[in-house]
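There are structures below to look over.
Presented sequentially are two complexes of subunit A, the first with subunit B as partner and the second with subunit C.
After this line comes the complex of A and B, so read on.
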């Protein structure tokens, strides 16, 4: 039995791509819809709406989560990062995005924001993942176009670039992973 | 490659919330367990507990779940504690699956949970999903209920009248239904620590991270070349996880040899009565049960088997 009357809006406050936002939302509002409609950040895609495809992935405190099965009110106090934020101020693309470009990690691009964010979290945790570890970590992100080979190659390339950027004695402009 | 489209303003005031998918509900986010228990105590209101939401919210998106009141326990820190005594591992029900996966207490106290957790969903699911939530949700294909049963573990349920321990064998009533009362909240998950037991969790699913078609969780202890303790739990073969009692008894009659293990696995498969369904036939589940039980027991003993 649900109530038909309008429910009370519930306050929620969280950080979105480094900016503090404060909203009053119907509690049933999904985080994915807040990001897309309230914040206008449409890099996040909504496809399955049940958490299995990964196209809605955002990072909550650095960890990948499914925004389509997270209520906005549940991330009160958290720091949410979407694909729009990962390139540094001085760069057009984040190094992982550059790797995806070089290694053909995308075709239509629908799964790509989720893939890139998940890869970002992987490389923060494990800077030198094996192919099996990459496939395992990304196994929650579905791609209908590429067959995953280019995606795995992109993540390996990103890992390699990040490691060499870290060990390089020459300072780099790009932000850390 | 800069994006030249003008950035929209951060907040769009004209967007309406009426187009979202879950049906309307009232929402509360208590900060303490006591507050949550008070809210849960009102039996006139149909409330559900929201922990990680990785099972509940998909159901609400599909409008299969239409609660009146959602009690979000995600902010209750006291439900996230993990502790170990010599005899038991205690995992707070609100512990994120990802956190349990890397907790040293869980690795040492109940390594079977670690093995099971690796098969639960995907990274993103485990980052929000909780140990208690998965058990309370009691999906017949879920991994943690099977592991809990194989460990002969229990949960602690609490309401305003107090706490009570419910053994895994008495917890799962049917698909998506536990014996917990509507006033109760599952607050802790307990597993007895058995340092000499070897454990294994295996499952078969169409893709890694999918719900299991069949899963097997096994705990064995060997003394003087014979099995002194064996527990075999299966998931996906009934509406609830099941223990293979006949196969367990049979196991105790012998030791960790390839032939005996195969016999035990066959007995486990013979003792179940799965149904045909959309995902697999009963015959398939029976066949796979024998394979998985053999594999799991073999894993626990390190016995070399012939390739069939």
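After this line comes the complex of A and C, so read on.
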């Protein structure tokens, strides 16, 4: 698209990590660019710009989406969550992030925000995924460093920890399998 | 001639080390996990920043008659358009060569706006107030191209001379190299069996997830240039751009704080890394260019593509006597800067022997130039290429002679001790046979063969493939020569400082882009000095903050960085011991330092913390020893003797003969990198390499059509393996300490990239019931697998 096509700025309003933001954007503006450059949250990464690699993953109302092929105007009225907010205010790391450190689920770190958010969505849908289910759910997120061994182990570890935390809060003994 | 030269093992280590060898979690992880790591595109932008977009050649070979920028400059937000005419005023040429008589030298403008030699070559650069407007500006450039015939068939170029693409290469061949050691011809003449094959390793590349990116800020008032770049070699890049820019190295700062993967691709110094600073100087504004994926795939650096002809002479007893090789690298329009296209071909040729005890080797190497993207380094330069060719060949010979592939390798394998190959490589001892035996045991080999036979009865085809290897690591000067880089010289340096409060700052000339140096090199420093891990901070990736060095590539950082830290750390420790001895009134030799406490040997109650000793050293006044230098700091460099790792990879696959689909069931691996600093990091490097190797063997292919058009320009054509293609892995370790390096460490960052080789062999093994299977190319796509089956069926059953 070139600027000789007449475009008008569109209003867009959505929730970003719990805070309402309101902007006027050129219709061709990508969500990824709004989050990175307007909101200054550079955790999401741009690696393929065509929705293949998953580095730009953010959660829209809890579901993983590709912010590099999503126009900002498309998320009007939604709630967007990025890697910067998932640990919450009280902790340094979210339990999934802790598992990624414990099980060596990252090397260069570029795919990591997308990987962690996708893992969060998976565990919300399926608290006890098999190895194959983990691999299939993450198959839209490319990692060039780890060969996925550490990532799969991290997600399994996170699932185990989450289940066992849940079990202990309802007062029963034992760790999930 | 094969020489066996056992080296006397060097007496090792003082006391058992508390950190080296332990699974220490990565101290750098939190910033990546929380999205706070700042890669080049995330760095706070200087005020007044302009964004650059490149006009790149859409043609393989063309003359540029004219470039009209008037429409582009009419767009709101497009601030400047620069071509060679302007850029050459502030930027000189790149001269690329290797210091070897067989190698030619090319000097070329870094931005060439008059002639295009490959699809993706930068032709002009547009600066805009946003990336969106800069790209609009590129789209609005009116360019008149005069299309020329491209040179695409590299093999044909060697026999059918064409008009030279560059005056520097009259025969269109960057280098022709010949080598022979031992009486190759006689061994072939007398051999009971001779075999030959042609293997075409396809073109693939690192394609790190973070593309390249450069931001430059030239300050005309001070002459200082700051460059942020996604590079593996910040100091080395500074050295190579300083000359063409005419700016002293002391006034250039290169920052590469967080880099999203490199794998060798980012150890080159790219044209854009010089052009972006040049246009910052021209425009008087900070400029940022972030590569998109098309640019990365089409126009960064490609790798590996080589046509290999191999011949083997084998005696009656199944002993490999000699190998002949001919390696034709499918080069790009010019050699990558500065490593050149020889990183694949010459290194491949030198690594023909690896684990095999050969009496003679002869080879030729050619690297013709074609109208393609330049080729350069990618994880496991050259030796991954020759391993694909040789290891598939070895299996084919073993099948032909009806010898089990493990048995064939063991029969021909060098002994598990230091060994000098016929190509002059001084292996420093390893588990060459031991790792093969270990993998055979891990596989439960006989049980696998039984299961394979049973499944074949049911019409299912599983296969097992192997690749045994010796990995050249830690590129210092001597090992570079042993890889065929004659007259090369490499080293690295580290600075270790104990601060007045007892904390320790380490800087090195290495570069971390995922290898966890902040953790592993801290382990080394902590053990060397005797302080806690938490008290050590490792700083790299910034020429203004770290000592000069050559960056990270070629599996060099654990050995060279680690070794330089050990040397500098020992100097600091000796100074600490002098200070503590003075303070506690004993001889320095009687001071032991452990976990941040200096105590008198045999009297643990007499002790000081290192913080107290450091404060005494810096500020202790007259009570300090005479002639003492207060600062607890040392900078040392290290150029190690050659250190070679080794190991064995195995893959188990199932092939669907109806569709050609290959499913990799698992990988079984035994590696030996000498003394392991952190086993978690070693496993991670292996696993990541394996995924890339699988990519090159099965999926990733950079394709040009006959007219030189690049047709793999997105991740929908260039297929990364995902979590569903890369299998689970079982990794074991043998530790044969190097007798020649500091700490017995060997490098190990690249061998994983051989992970695709056993997959090729496993496919052949799975398909062997169909007839004679010869793997002639990689990647092996499903259609290639179907072709293997058809050809085997047509040729009739295997003998």
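Methods note: the second predicted complex is superposed on the first by the 163 of 177 C-alpha atoms of A that agree within 3 Å, B and C clash if a C-alpha of one lies under 4 Å from a C-alpha of the other, contacts with A are read in each partner's own complex, and residues count from 1 in each chain.
In the analysis below, a residue touches a chain if its C-beta (ideal position, glycine included) is under 8 Å from a C-beta of that chain, and two chains touch if they have at least 3 such contacts.
Predicted model only: the values in this text are computed from it and were never measured.
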Touch check for A:63: first (subunit B), second (subunit C), both, or neither? first
Taking the superposition as given, does A:118 touch the first partner, subunit B, the second, subunit C, both, or neither? first
Check the residue A:79 against both partner chains and state whether it touches subunit B (first), subunit C (second), both, or neither. neither
With both complexes overlaid on chain A, does A:134 touch subunit B (first), subunit C (second), both or neither? second
Could you look at A:28 and tell me whether it touches subunit B, subunit C, both or neither (first, second, both, neither)? both
On the A-aligned overlay, A:93 touches which partner chain: subunit B = first, subunit C = second, or both, or neither? both
I'd like to check the shared interface: which positions of subunit A are touched by both subunit B and subunit C across the two complexes? 1-4, 26, 28, 49-50, 92-93, 136, 139-141
Subunit A - residues contacting subunit B, complex: 1-4, 6-8, 10, 19, 21, 23, 25-30, 33, 37-40, 49-51, 54, 57, 60, 63-66, 68-71, 73-74, 76, 92-93, 118, 121, 136-137, 139-141
Which of the residues in subunit A come into contact with subunit C in the complex? 1-4, 26, 28, 36, 41-50, 52-53, 55, 82-84, 87, 92-93, 97, 100-102, 104, 106-113, 116, 131, 134-136, 138-152
Contact residues on subunit B for subunit A in the complex? 1-2, 7-12, 15, 17, 20-27, 29, 46, 50, 53-54, 57-58, 60-62, 66-68, 70, 72, 74-75, 98, 121-125, 127-128, 207-209
Residue ranges of subunit C touching subunit A (in the complex, touch as defined): 25-26, 29-39, 41-42, 75-77, 132-133, 136, 139-140, 206-211, 258-263, 290, 292-293, 513-516, 680-681, 683-684, 686-692, 714-716, 720, 722-724, 726, 728-729, 752, 755
